[in-house]
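Pasting a structure below so you can have a look.
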C-alpha cells in the first residue's frame, strides 16, 4: 500500500463519514458544516486524481459558494422553529428495495468486472493544459453553459423577487 | 495512484446512495436540495476517476460542467424555496399542497 | 472553428442573439408587446435560418453537436412550438399582476436547450441541454407566483428533475468509465459489439440513462410528476412542457438508441418495452375517470409516449420515420389542445375542470370544434394527424413483429376513446346554470392564429400526409 | 361515370352546411338541405344504375380514383370507389330508402328541438354509409364503418337530456367496438400477409396465396366475421340493438333496420372470395345466422314495446341473411337485404306514425283499435307486416325469404338443419308480427289519438308499402315462372348459388309446405291475439310459461350472461351478489376499469416525497431490469 492509496482510503472514509453525519443532522447548520467537510475531502480527492484545477473549483464553488448560499438561506429562515422528524417508518420499504438493488449492483461492479480492476496510473492535468483542452474542444459547451448560468440568474431573480409578492398580495385584497 | 477504478466508483456510488436517501426521506426542502447536491458531487467524482483511468481530460471537462450545473440548479432551487417559504412558512414538502 | 461551423449553427446563433436582444430590451424598457415582437422575430429568424441551412450536408461542430437534417427538422419543430407557446402566452399574461416579460426570455432559453438536445452528439451536450431545459422549465412552471399550484408544480419539477438528472449524470459517468468516450456513436458501437458479454458498468449506465430519458418523457414509473405539473403550471407552460420538452427528448432518444440493433442488445429492448407497456396501461387507466381536463391530457401524454416507444422499438428503417412522424403529429395536436385550454384560461385561474368545458359548443362553437378535432386526433380517429401517426406506429410495429406491444396499443387506445369522448360529450351538453364562462371577451387574435394554424395542419397532415412522410423519409435516411 | 364521388359528397356537404350553419338556418331551410342532399344523391344513384344497365363496364364495375391518401411502403390507401352491381344495389337502398326516411322525418321531428342537428347527423350517416359500400379498399371501408358507428352513437343519444338514452348510445358504441377491434385486427392480418388492402386485389392474392380451407384465411375470415357480427347485431353481440331503440324512430328505420345493421352482410358478401376459401368460417356464419334468427324470433314474441318487437325482428331477419351467406346463397342474402330494407323501414315508420299519433306511447298493451283511427297507417302497416311474415305470392318478403329457405336446403352447402331453422324462424315471424299487428290495430281503443300523420309522413309510407308488396317480382322461383332479373344483375359481382342437383327436384314440395305452414301460423295468431289481453289473462300464466316469457323478454338473458362473464375477473364475488346485475351489462368492464383507476390514482397523492420515493424505486427496478434482463 503506497502513500497514495493510503491517502485515498483515508479520504474516502472522511468523505463518507462526514456525508452520513450531514444527512442525519436535524440542525441544518450542522448538516451544512459537515457537508463542507465532505466537499473539502472531495476536493483533495480531485487533487489526488490529477485534477488540481477541479480541486480548486470544488473548494471555491461547492464548498464555498454553494454551501454559503445554503447557509444564507438557513440564516434567513428561522431554522429552529422547523424541527423535523427523522427516519419516517413508512419510507422503509422503498429504501430497503432500493438498497438491495443498489448493493447487488455495487457488488457486481466491484467484483464482476475485470477491466477496471487494474490500478490506475498517476497523471496530472495541469490547469494550463486543462484550460487549453476545454477551450479547444469544448468551446461550444462553455458557451452553452454560460447560457445555463444566465437562465439560472434570471430564474433566481424572478422567483426570489420580493416586490411583486407584495403588490400581488395588495392586489389580492382589492380584487 | 495505486487504487483500482472500482474502489473509486464504489465510493462515488456510496455518496450517490447517501444523496438519494437524503433527497427521498428528509422532510425539509433544504435537505432535499442538499441531497441532490451530494448526488451531483458523486457524479463529478466518478467522472474525474474515469478521466484518470482513460488518461483523458474529457471527464474532467465534464466534471467542470457538472459543477456549473450544480451551482445553477441550487441558485434557482433556493430561490424557489424562498418563494415557497414566504407563502407557506414551512419547509416540509408534505405541507406544501 | 471555421466559417462552416458557424453556418451550420446559424439557427442556434440567431436564437442566442434573440435571447441577448430580449434581455437588453427588458433591461432598458419593459414593454410586454415589444418583448413579444422581439421574441417572435427571433424565433422566425431562427426558423428562416433552419430553412436556409437545413439542406446542407451534416456537419459535426466540436465533439458536442452534429447539425444534420434530423437535427434541423427537430429544431424547426421546437421553434414552431415555442412560437406557438409565446403567442398563446400573449393574451394569458396580458393581465398578469407585475412583470411578465421574463417569461419570453425563459422560453427562448428553454428552446435553445431543447435545440441543443435535438442536435446532441455527445453526452455532455445531452446533459447540458437537458439542464438548461429543466432549469428554465421549473421557473416557467412557477411563473404564476400568485397561484399556489403553480409554485408547487415548479417545486415538484425542481426536486424530481434534479433527482433524475443526477441519475443521468451518474449513469453517464459509468458509461464513460467503461467506454472511455462520451460520443454517442462510440457507445452505441460498444453496446452493439458487446452483445452477451456486455459489462455491468455499461448496463447500469444504460439503465440510468433510460431513467433520465424516461423522466422527461414521463414514462411509467417516472410519470408521477406529470399530472400535478400539467395541472398546476400555467397553461402555456404546460403546452411547452408537453411539446418542446418531449420532442427534444424524442430526438435524443433517436440519436442515443436508434443505431442499436435491439436483437443484439435485448436488455435495452426489454427495459424500454416494459416501460412502454406500463405507460400505455397506467396512463390510460389513470385518465379514465379524471375530472380535470388538464390531468386527462397529462395522463394521455403518458400513454402517447408509450405508443411512440412502440414505434421506436420496432427497429428497422420504418421505426425512426414512424417515431418522428408520431412526435410531429403529437406536437401539432397537443399544441392545439392546450391552445384551447389557454384561450379559455386567465392568469389567475386556468380552465380545467370538466364543468369549465360543459356547453362550450353553445358559447364558443368554433373553439369546441377545434378542441374536438384535437381530441379525436389524440384518440386516433381517421382523417386526423393522430390517426396517421398511430397507424404508422402500428405498421412499423407489425414489421418489427412486436405483436404483444401492438395489441396493447390497439386495446388501450380503444379504451382511451372513453375519456376523450367524455370531454367531447361535456362540450356538447347544455351549459351549466349559474356558471360564469371563463372568457367573456372572446378569443385574441394571437390565440386564434395558433388554433387556426394547428387545426389546418392537423387536417392537412391527416388527410394528405404524403409531403410530410416524404420529408421525414428524406431526413431519416 | 366521373361523378360517382358526388353521391357521398352531397350528403357530406349537407352535413357541413347543417353543422356549421345549423343555428342560423330556419327549420324549413334545414329540412330542404337535409332532404334535398339525400334526394339528389338518390337521383344520381338511379342515373348510375341506368348507366350501368345501359353499358355494362368491363369487369363488371366502374372504378374511380378520387384522391390518394397516404403511401407508406406497400400501403397506398386512396379514396377510390369501386361500383359494381352489389354496390349499386346497396347505394339504391341507402339513398332511396334514406330519402324517404328523411322526408318522413320532416314531419316526425317537426316538434323537436335540435332539428338541424338531427338532419346533420342523418346526412353524415348517409354519407358514411355510402363511403362504406363504395370503398374499393378495406381502409376506406373501415373509415365508413367507424363513421356510421359514430353517427349511430350520436343519433341513439339524440335526446341526450335523458341519461338512459346516453347509456343506450354508449352501450351500442362499446359493444360494436368489440366487433370492430376484431375486424381491425383482421385488417392488419390481411395487410401483413397479403400486402394490400385493395379489395379486388386482396381477393385475387388470397386465392393465389392460400390453399382452400387452410388456417390463415379461416382466421382472417373469422376476424372479419367478428366485425360483421358486432355491426349486424348477431349472436353474441346482439345485445345493443334493442336498447338502440332509444333514438328517434326514423333513426331506427334508417340505421337500425334498413342500412347500417346490414353492413355486416355487405362486408361478408364483399369479401366472399375470402370466405369461400374458409369453409369453416362460412359454416360459422350460417350457424350464427340460424341461431340468431331463432333466438331473436322467440324474444320478439314476448316484447311489450312495439319498437323492441321490431328490433328483435330485425336481428332475426339479418340472421336469415347470415344464413343465406353461410350456405353460399349470396344473391339471396342481398335480395332479402333489399326487401327487408323496404318492409322493415315501412314498419318502423308505421310504428313511428302510431307512436307519434299516441304522443310517444310505445307500450303495446296501451295500444289497440287504431284501425279506424289511422286507416292509412293501418293499410300500409298491414302491407309491411304481410311482407315481413312472407305471406305467399303477394308480398316481396315471400320471394326473398322463400329463396333463402329453399336454398338453405338445396344449396350445395345447405342441409336439412338449416332448412328447419329457417322454416321455424318463418313461423315465429308470422306469429310475432301479427301479435304486434293485432295488438296495435284491433281490439278496443286504449289511448286517444292526438294527431294524425301529415303528408310528408304518409307519402313515404305509401311508397314503401308499394315497394314492400311488389319488389319481389324481380326474382321469382322456377316453380312460379322463373324470373331471375335480380340474380342476373348480381351475377357480375357475386357468384351464382350452387344447387345440389339431387335436391333440386323437390322445390315445389318444399315451397308448398312452407307456404302452407305460414298460412297456418297466420291462422293461429289470429286465434290467439285477435282478442285483447284481458280475456286470456286468467288461465294463461302457468309458472313455466311466465318464466319463459320473462326470459325471452330479456333477450335470452344475454345481458345477464355478459355481466357474469366480464364482471368476475374484476369485482369481488360479494359485490356481485349484493348488486343488481340484471341491467348493468357491459358497463361492468368500465366498473372494473374504475377499480383499477382507483388503485392507480391512489399513487397520485400529490405529495412530493411519495413521488421522489417512487422515482427511486422505479430507478431501482429499471436498473435491475437493465442488468438482469
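We call the chains A, B, C and D, going by the order they appear; numbering starts again at 1 in every chain.
Keep this in mind: a contact is a pair of C-beta atoms (placed from the backbone, for glycine too) under 8 Å apart; a residue touches a chain by one contact, two chains touch by 3 or more.
Quick caveat: nothing in here was measured; it's all calculated off a predicted structure.
Asks: Which pair, B-C or B-D, has more C-beta contacts?
Replies: B-C is joined by more C-beta pairs in contact.
Asks: Averaged over CA atoms, how far is the centre of chain B from the centre of chain C? Could you give it in whole Å?
Replies: Here the centre of chain C sits 27 Å away from the centre of chain B.
Asks: Measuring centre to centre with CA averages, how many angstrom lie between chain B and chain D?
Replies: 65
Asks: Can you check how far apart chain A and chain D are, centre to centre, with Cα atoms defining each centre and the answer in Å?
Replies: 69
Asks: Quick one: chain A and chain B, Cα centre-to-centre, how many Å?
Replies: Chain A and chain B have C-alpha centres separated by 4 Å.
Asks: What are the residues of chain D that contact at least two other chains?
Replies: 606, 608-609, 612-614, 616-617, 619, 621, 623, 627
Asks: Can you list the residues of chain C that touch 2 or more other chains?
Replies: Residues 124, 128, 131, 135, 138-139, 142, 145, 154-155, 159, 163, 167, 177, 200-201, 204 of chain C each touch two or more of the other chains.
Asks: Using the touch rule from the top of the page, what residues of chain B touch 2 or more other chains?
Replies: 5, 9, 13, 19-20, 23-25, 27, 32-33, 49, 51, 53, 58, 61, 65, 69, 72-73, 76, 80-81, 83, 93, 96-97
Asks: Name the shape of the chain contact graph, picking from line, ring, star, complete and other.
Replies: Topology of touching chains reads as complete, every chain touching all others.
Asks: Write out the stretch or stretches of chain D touching chain A in their complex.
Replies: 609, 613-614, 616-617, 619-621, 623-624, 627
Asks: Where on chain C does chain D make contact in their complex?
Replies: By the definition above, chain C touches chain D via 155-156, 159-160, 163-164, 167, 200, 203-204, 206-208, 210-211, 214-215, 220-222, 224-225, 227-228, 266-268, 270-271, 274-275, 282, 285-286, 288-289, 318, 365, 381-383, 388, 391-392, 394-395, 398, 406-407, 410-411, 414-415, 417-418, 425, 428-430, 463-466, 469.
Asks: Tell me, which parts of chain C touch chain B in their complex?
Replies: Touch residues, chain C against chain B: 123-124, 127-128, 131, 134-135, 138-139, 142, 145, 148, 151-152, 154-155, 158-159, 162-163, 165-167, 169-170, 172-174, 176-177, 180-182, 201.
Asks: Considering only the defined contacts, which chain C positions touch chain A in the complex?
Replies: 1, 16, 19, 23, 61-65, 97-99, 102, 105-106, 109-110, 112-113, 116, 124-125, 128-129, 131-132, 135-136, 138-139, 142-143, 145-146, 154, 177-178, 199-201, 204
Asks: Give every residue of chain A touching chain D within the complex, in rising order.
Replies: Listed in rising order, the residues are 91, 94, 97-98, 101-102, 104-105, 108.
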